[in-house]
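Here's the structure, in structure tokens; my notes come after.
Chain naming follows the written order as A, B, C, D, E and F, and within any one chain the residues start at number 1.
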């Protein structure tokens, strides 16, 4: 995977969504769809909190796509 | 994945398609097919807008193939 | 995959969970779900002990997501 | 993935096939089989034209195998 | 994938298991489960001998998890 | 993937098998099994010839395991 730089649009957008508590839907290569609000990102993972308050750490390598959703 | 350079044909073609609002179809490793027009790319992702105006961020690592389509 | 640094939130969180004997659930790209407590991590793998005392070494490249569970 | 050098046999062979308009069949990790003639390659992708004249850009990371076919 | 260093716990454990002729079970991303004793490892692969004496070379990139088993 | 060095056991073994025209079976992440004799390897691919004389280029990233077979 390419290196992780905070100037990349995808990294900045996620950082903005963390700040905005934007709802997201993340589709994984397993077919799982995670829905929640983003808490943090790092070069390996994205962490989100789902509707039940459970934190889930999704691994970047396993993400197929993501999009904003109305929380 | 190889480094990301704007001189690579695949990167330049996508950049051109962003400028042209070219319709694209992207097949992902999950089997999902995303259809829309490209908004931006960076070393991790491609962002497209689908027919309903929803933005979807596809991760490069998960792309099997893509092609131009008539929007 | 991005390099492995102990300052990354995901790496630190797992290190904390090793120290706390926190129960975790790890979903792999195969669809397997591993449940246990974390013993160690390194740049390639996470090792956990399941309820029967069996140690299982999960490879980072194959992880889709993980989350804390009540052991 | 390893770096991309024009001296590697696999890269040179594809370059030759581009020059020869050699027909190829590419099997992807999705199970899709693309058939056509190669137009260009770069470190991320191979571009081919199928029998209907449609250009398809296959991503290297998603290729399982390829072989020459009679066009 | 992260670089390969003999000081990593996962690399050292496998090296120890090679020395001990420890039985292992390796689950691959294909769903295949390989069972045998480890012969060698390198940065790309692990080689094991199964019960029939057949040597099988598993590629690290394709490993989901592994664990010790009674041979 | 780790860098490609001719001193690695897996690389040397394949080089020996090329020289010996050793029959091999290669299982890919798609589930495909390729059987033939090895012609060459490079950092991206292995090329083999199957029983019908067809050359097939398998991509390293897609290999789950391989083993020697009686041709």
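Please note the rule applied: contacts are C-beta pairs under 8 Å (C-beta built on N, C-alpha and C of every residue); 3 or more make two chains touch, one makes a residue touch a chain.
In this text the structure is predicted, and so the values were computed from the model without any measurement.
The minimal number of chain-to-chain contact steps leading from chain C to chain D is 3. With contact taken as defined at the outset, chain D and chain E are each touched by F. Taking each chain's centre as the mean of its C-alpha atoms, the one that lies farthest from the centre of chain E is B. Centroid analysis (C-alpha atoms only) places C farthest from chain D. Measuring from the averaged C-alpha position of chain A to that of chain E gives a distance of 32 Å. Work out the mean CA point of chain E and of chain F, and you get 19 Å between them.
Residues of chain A in contact with at least two other chains: 1, 3, 28-29, 60-61. Ring order of the chains (start chain B, then chain D) is B, D, F, E, C, A.
Note for the complex: chain A touches chain B at residues 1-3, 8-11, 13, 27-29, 31, 60-61, 63-68. Considering their complex, residues 1, 3-4, 28-30, 32, 34, 40, 42-45, 47, 54-62 of chain B touch chain A.
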